[in-house]
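Presented sequentially are two complexes of chain A, the first with chain B as partner and the second with chain C.
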Partner chain A sequence: MKLKEHWETLTWTWNPKSLRESSDSVVRNLLLHWFPAKVSRESLSFRYSFWLGTITAVLFFILCVTGFVLMFLYVPSVERAYPSLKDIEFVASFGRFTRALHRICAHLMVVAVFLHMMRAFLTAAYKNGLGAQQNRPVNWIIGVILLLLTLLLSFTGYLLPWDQLAYWAITVGTNIARAVPWIGEQIRFALLGGNEIDQNTLLRFYVLHCFVLPGVVLLLFSWHMWRVRKDGGLACVDKLARDQKQKTSATIRAKTYSLLGITSGHNVHVQTSYIDEDEHLVESSPNLTRRLLLVTLATLFLTSLLAYVVRAPLEAAANPLVTPNPAKAPWYFLWLQELVADTTIHMGSYTISGAFVGGVLVPGLLVAVLAAWPYLDRTSANATGVWFAKERHQQNMMFLAIVFVVILLTFVGTFMRGPSWHLYWPWQTWPETPTRF
Partner chain B sequence: MNKTNREIIGIFACGAGILLITAVVYADYFQPEWKGYQQEFREIVAKRFGEARAEQVPSGLQQVWARELNRVDRCTTCHQAEEWKGFESAPEPFRTHPADVLKKHPIEVYGCTSCHGGQGFGTDMESAHATDLKDWEQPLLGKDVSKTYSVSDWRGPMQMNCNTCHRYDRETAGADYINEAKALVQQKGCRACHTINGRGGVIGPDLTYEGDKSTEQHDYSRLSGVESEFAWHVAHLKEPKAMSPGSIMPNFGFSTRQAQALSLLVMSWKKNPVSAQFVVGPKIGDFSSPEEQVKEQQMLAGEGAFFVKHTCFICHDVSTLGIESATKIGPDLAKAVTDVPSRFGRPLDDFLMSPTGTMAVVLSTQIHLTEDERREAIAKLKVANQKFMEQEAKAKQGKK
Partner chain C sequence: MKNTKLSQPEIEPKGAPVVENSSSRRSFLGRLGLGALLTGLAGQLFAFLRALMPNVLYEAPRSFKIGTPDSFAHGITYLQDHRLFIGRDQHGLYAISAICTHLGCTVKPVNLNQPRAVQVAGKLVEIAQEFHCPCHGSKYYGDGTNYDGPAPRPLDWYRLELSPDDGQILVNTSEAVKHDFRLNA
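So, the complex of A and B:
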C-alpha cells in the first residue's frame, strides 16, 4: 500500500483522492493557465505588442520540430557531419527544405527575440504597475537570459554543418572568449573541450544545441509565461487600469474569484482583473485563440516561403589549415567582431588588441546594464505599458541610439567588410577569391 | 468588413499559402531533374533493344559507395549507359564508358569522381558537375574546364587524378599529359633545385606536397584572366618572373601544352589521400635481407622452380634441388622415392596419382595439379632422389 502511494506521488493521476486534490491539480497546472479566460482588447492588439513574443515562441516550436527531424539525419562526428549534411541536401526526402526552414527560423528567432526585447523596453513593460504581487523586473531578467540563450542556441547550431563557414565562425567567436581576463583560456577550453575545434567541440556543441539549451529555454519560457500571468498580463493592462482610476473613483464592476468561491466586493489580492470587464475585456476563446492561430499560421507561411526561396548555404568542408578571407563570426556577433577590429590599435610594430574592449567589456557592460535596467529606471509607474512615455524620453533615446550603433556595426561587419577586413562600400565589388580551377 | 472577418480571411489565406508551399515542395520532390534523364534513357533503350531490355534499366537514385576511397558517387543516376554495350558514340549523358579503363578500375571500387572530379553527392547537374561552384573542392574535370583553359585534349585535366595513385609510375597508360610532364621533370632537371617525392635540391621550394597548398597561398595580383591555382601555375611555368618577380627559376620556354601538363602534375602532388593498396609503385611486403633475396632468386629460377611455382616448398624441402622450406612441416622430398614406399607401402608414382592422408587433402583443396604436372613432379623427384643417392654415396666414401 505504501509503495503504491509513493508511486502515485511520483506519477500524475487522473484519479484524485479528494476534492481539494482535484482542484489543486487544476490550479497548479501551468498549461491550463497559459492563457486567461478573459483578456483585454489592448493586449490583443497588434499595435501594442506586434505579437513578437508569440512569433518567437512559434519560431522556437518550428525549430524544435524541424530540429527533431534533422537529428535523425545528422551525425555529430568530424568525419561524417559534413557528408551527412550533403545527404540531407541531396538525398533525404524534403531534407533540403527542412534544413532551410530550420536555418531561416533560427536567424529569424534571433531577430524576433531582439525586437521583442526592444518592444518591452520602449513600452517599459519591465515596470510594475498597480497590481499586487507584480514583479515584472524578474520577468525582464528572464527575458534577457532567454535572449542570450537564443544567441547561444544559434551559435552552437552554427558549428554543426562542419563546413568552412561553421568552423571559422566558431573560431572567431570562441577566440573572443579568450580576451576575458584571467579565465579567458579556461572558458575557451571548456567551450571547445580542448585547445582546438575538433571532435570534442562538435560533440559538446551538439549536446548543448539539441538537449541542454532547448531544455533550459523551455523551462525559462514557461516561467516567463507564468510570470506574465502573475503580473496581471501585458503591461498595457496597467495603463488601462490607471486611466480608469483617473476617470472614476467609484467601484468598478468586476467579478472577483478566489479559491473559496465568489466573494463580494473587491480586494486586490483576490481579484483577477482590475479593469472594467464590460469596457475592456473579451473572451479569450475565440478572440485570443483566433489571433494566435493567425499569427502562428502567418509565421509558418512566411518562414516556409523563405525556406523554399532561400537555400541554406553549405560551403567547402571544414579545413583547419585554410582560413577563408574574410573569416567572420555569425552575423549577430559581427557587431562585436567589428568593434574588436575598430578598437584594435596599431602603433608601429605594436598592436593593442581590441578583443577585451570589443569582445568582453562592451558586451558585458551592455548586458549587465540591460538586465539591471528595471532597477535603475527611476521613472514612475505611469510609464508602464506606454509606448515612448514622455518621462522615459531620455532613456528611450539612449536605448535607440545604442540599438542603432549595434545594427550599424552589424551591417558594416556583414556587408562592408571584405577580404582582409578591408572596408568596401556596398557598390564596390569584393575581389574574387581564387579557386583551384 | 469587420475585424473578425478580416482575421478569419487571414487565417484561411495563410493556411492556403502553407498548403500551396507544401504542394510545390512535394512537386519538386516527385519531379527531380534525374527522373527526366532516366525516362529518356529507358525510351532510347526501348527503341533500340526492345521493351524487355528497357525493363532492366534501373530506376530511382543510383549510387556507388566506394568505401575504400571514401566516396559516394551518384553520377550513375543520370549516366546510366556507362556499363552498357552499344552506346559508345552516343551523346552524354548516355555514353558507354571506355571498357579498357573500367577493366582495371571497376566503378564499384573506384566510383566516378576519384578520376573525373565533380561532386559525387550531387543529384542535379549543377551541383554534381560543380563547374560553377566555389565551395566544392574539384569541378568535373571535363570539357568545361578544358574549354576555360584551352586545353586541347579534354581528357587532359582529368589525368591529374590518375596521378593520385600512379604518382610513382614512370609512365601510365593513357595519361599522356602526366607522362609528358614526368619526362620533362627528368629532362629539365627540376630536382636540381626542387625536392620532389622527398628527393632533390633545396634551392627552390619543396614540391613534394605542392598540390596541398591552399589556393590563397599564391599571389594572383600579376595574373590576368581567371584567378585560379591552375592558371597561376601555367603562367608561372611559362614565365616564372612574371608571377614572382624575385624568382631565380629560369624560363624553360615551355609550350602551352607543356606548361599545362606540368601544372597538372604539380597540382597532383598531394599527401596521399588513398590507402596503400591503390598506389601503384614499389610493392608492399615483408623485409627480406640480401642473402634471402639471392636465395629466393635461386629457388625461383633454378632446377626446383616447379616446386616453388606449385607452392610445395611451403611445407617441403627438396634439398638436392636447392629448395628450402621455411617451415619444414613435411619431409624432405629429395628422399621421396624411397621414403614414400616405407611410409605408405606404395611406390611414389602410384601415391602421387591417388594420394592418401594429408597429401590427399592438400592436393584436392589447396594445390591443384593436372595429370601432366603430377608426372612432371614424379620425374623431378626422381632426379632429386638420384642426386640424393649420389650425395649419400659420396658422404659414405668420405667417411671411409
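So, the complex of A and C:
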C-alpha cells in the first residue's frame, strides 16, 4: 500500500484522475510543461499531421542514445576507425544491433523530415492565420535549416566507418564543394583540413557529427517547438477558428491561457473568440501524452525491427587508390549526383561544369526558393492549415512535380546506375559486383 | 496611444534620469563597451576558425621520384600509388593525372584494339588508348582530352624532370603543363 502511494506521487501527472489534476500536471511536470493545458482534437489527429514532426524528434533521440553508445566503441583515427567498426560489428555485444539501429534511424530521419516538410507545405502550415503574434514563416525557415542540418548530420556520419563506401561517397561529395565559384578550393580545403581525405577530415567530420551539428539541431528544435506554441499550435487550429467565425458571431466561451497575449497590445477579445473550448479542446494530459507515447512506441518498435532485419553494410577498408565502380554518394544526394552527371554543358570551348549546375546552382536555388516561399505565397489566410487548399492548387502541383523529379532522380541514381554510370534496369544484373549504399 | 492613456501629470522618476541623448557620456560608454565586446568576440571567432585551417599538412609530397627513364616502355604505365599515368611516345615521356576532373574518381585506362585518329583542338591526333571514369562515365582520349560525359576539362598533365643527383624521373604534381610537354629521356 505504501509503495503504491509512492508510485502514484511520482506518476499522477501522466495519469490524472480529474480535470484539476490534469491542468496541474502540465504545470508541475518538467517534461509536460511545454505543452498547453488544453489542445485541440484536430491537432492530435493522425490524418492532419501524420505526427511526422514527432516521429522525426523520436528518431533524433534514438540517434542520440545509440550515438552515445557508439562513441564509446568507435575511435576516430585513420588507423583504428575501420578496425573499431569491425569490433562493433563482430565483437561488442549488441554492437551490430546498435549500429544498425543508428543507421536505419538516420536514413528514416531524412525521410521523416522530408515528409514533414511536404506536409507543412501542402497544408500551408507556414502561413499565419487569425491568431495574434503569429510568425509561422520564421518557423518554416527554421524547419528548412533543420532539414539541411539533418542531411549534413547524415553526410558527416557517412565517412566515419572509413570503408570504401564512406571514402568514395565523401570524395564525390566534397568535390562538389570545389565547384563553388571562386572559393570552391578553399571551402574544400577547410572541409577536409587539407587537400586529401585524411586524418584531419575524419576528425573534423567526427566532431561535427557528434557534437556541433546535434547541438545546433537541439537548439533549433527547441526554437521550433517554442514557435509552435507562440503561433497558437498547429495550423489546423486556425482553420477551426475560421470555421467558427463563419458559423457564429456571438462571443464564444473560452479562456486565454496566456497573459503574454494581453500585455503586448492585443485585447482579450481576440483571444476569447479563438475556438470553442467545449467543442474542440481536450486536456493535454493524458490525451496528448498518450498519443505521444504511442507514436514513440511505434517508432521505436518499427526501427528496432528494421535494425534487426537490415544489417548495416561494411565494405573493405578505405583505399584512396582504388575507386569502386560505380562510386555513389549517399542515396539522398543521388538526385544531385544524377544532375551532376547530366548537366555539364559544352558550348564551343566554353564549359559549364555539371558539378556547378547540379551540385551548387540547382540545390542552392531550390533551398533559397523553399526558404523564401512563405513570403512569395500570396494566397489568403483561408488556406492556412488546409490540406490541398483550392487557392493553392497551382503551387501545390508545382511543389509535387519538383518532389516527383527529385524522387525519380534519386530512384534512377540508386537502382538504375551501374558500373561507369551506365543505365541498367533494376532487375538487370550488372557486369560487376554492385556497391551498396 | 501615448496621449490617450494618461490623464494625470507625468511624474519624473526619482534617481538617475534615463536620458535618451546620443551625446551623453553614459551612452558613449555604453556603445564603447558593446563595441569592445563585439570586437573581442569577432577576434576570438577569427582566431578559433583560423586555428582550424592547418598550417602544416602531413600528406604525401606533391613532387616525388618514380624511377629511371629506361624503366618506362613505349605506351602507358599506370602508377597506382600516385594515381598517375606515365606515357612514352616517339617524342619522349609525359605524365597524366588519373584523377577525373569531374569529381575526383580514378579513371581506368582502356586500350583500343587499334590506334585511331581523333580531332583534338583542330589537330589530328593518333591515340592508342582512352581513359574512362567509373563514377559518372566521363571519357578521355589517350592524351587526356575529355570527349564524353560530365568532365569539364582535360586530365591534368604534370611536369617531369630528371633528378640531377641520381638520374631518376621527378614528377611535380603541383605544376600543370600543356599537352605537348615531353621529357626527352
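The definition used in the following text is that the second predicted complex is superposed on the first by the 374 of 437 C-alpha atoms of A that agree within 3 Å, B and C clash if a C-alpha of one lies under 4 Å from a C-alpha of the other, contacts with A are read in each partner's own complex, and residues count from 1 in each chain.
Note that in this section contacts are C-beta pairs under 8 Å (C-beta built on N, C-alpha and C of every residue); 3 or more make two chains touch, one makes a residue touch a chain.
In this text, all values refer to a predicted model and were calculated from it rather than measured experimentally.
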Touched partner set for A:Ala401, first chain B, second chain C, both or neither: neither
Which superposed partner A:Ser304 touches (first chain B, second chain C, both, neither): first
Which superposed partner A:Asn325 touches (first chain B, second chain C, both, neither): both
Which of chain B and chain C A:Thr343 touches, first, second, both or neither: second
Touched partner set for A:Phe94, first chain B, second chain C, both or neither: first
Chain B versus chain C as contact partner of A:Ser353, first or second or both or neither: second
Contacts of A:Gly194 with chain B and chain C, given as first, second, both or neither: second
First, second, both or neither for A:Leu314, with chain B first and chain C second: first
Chain B and chain C contact sites that coincide on chain A, given as residue numbers: 321-322, 325
Residues of chain C that touch chain A when the two form their complex: 52-54, 57-60, 80-81, 83, 102-106, 108, 132-137, 149-153
Interfacial residue positions of chain A with respect to chain B in the complex: 83, 86-87, 89-91, 93-94, 97, 163-164, 290-291, 293-294, 297-298, 300-301, 304-305, 308, 313-317, 321-322, 325, 432-437
Chain A residues touching chain C - in the complex, by the definition given at the top: 168, 171-172, 175-176, 189-190, 193-196, 198-200, 204, 321-327, 337, 340-344, 351-355, 419-422
Chain A contact footprint on chain B (complex, rising order): 4, 7-8, 10-11, 14-15, 17-18, 21-22, 24-25, 29, 61, 72, 74, 121-123, 127, 134-139, 141, 145, 148-149, 157, 214-216, 218, 220, 227-230, 232, 267
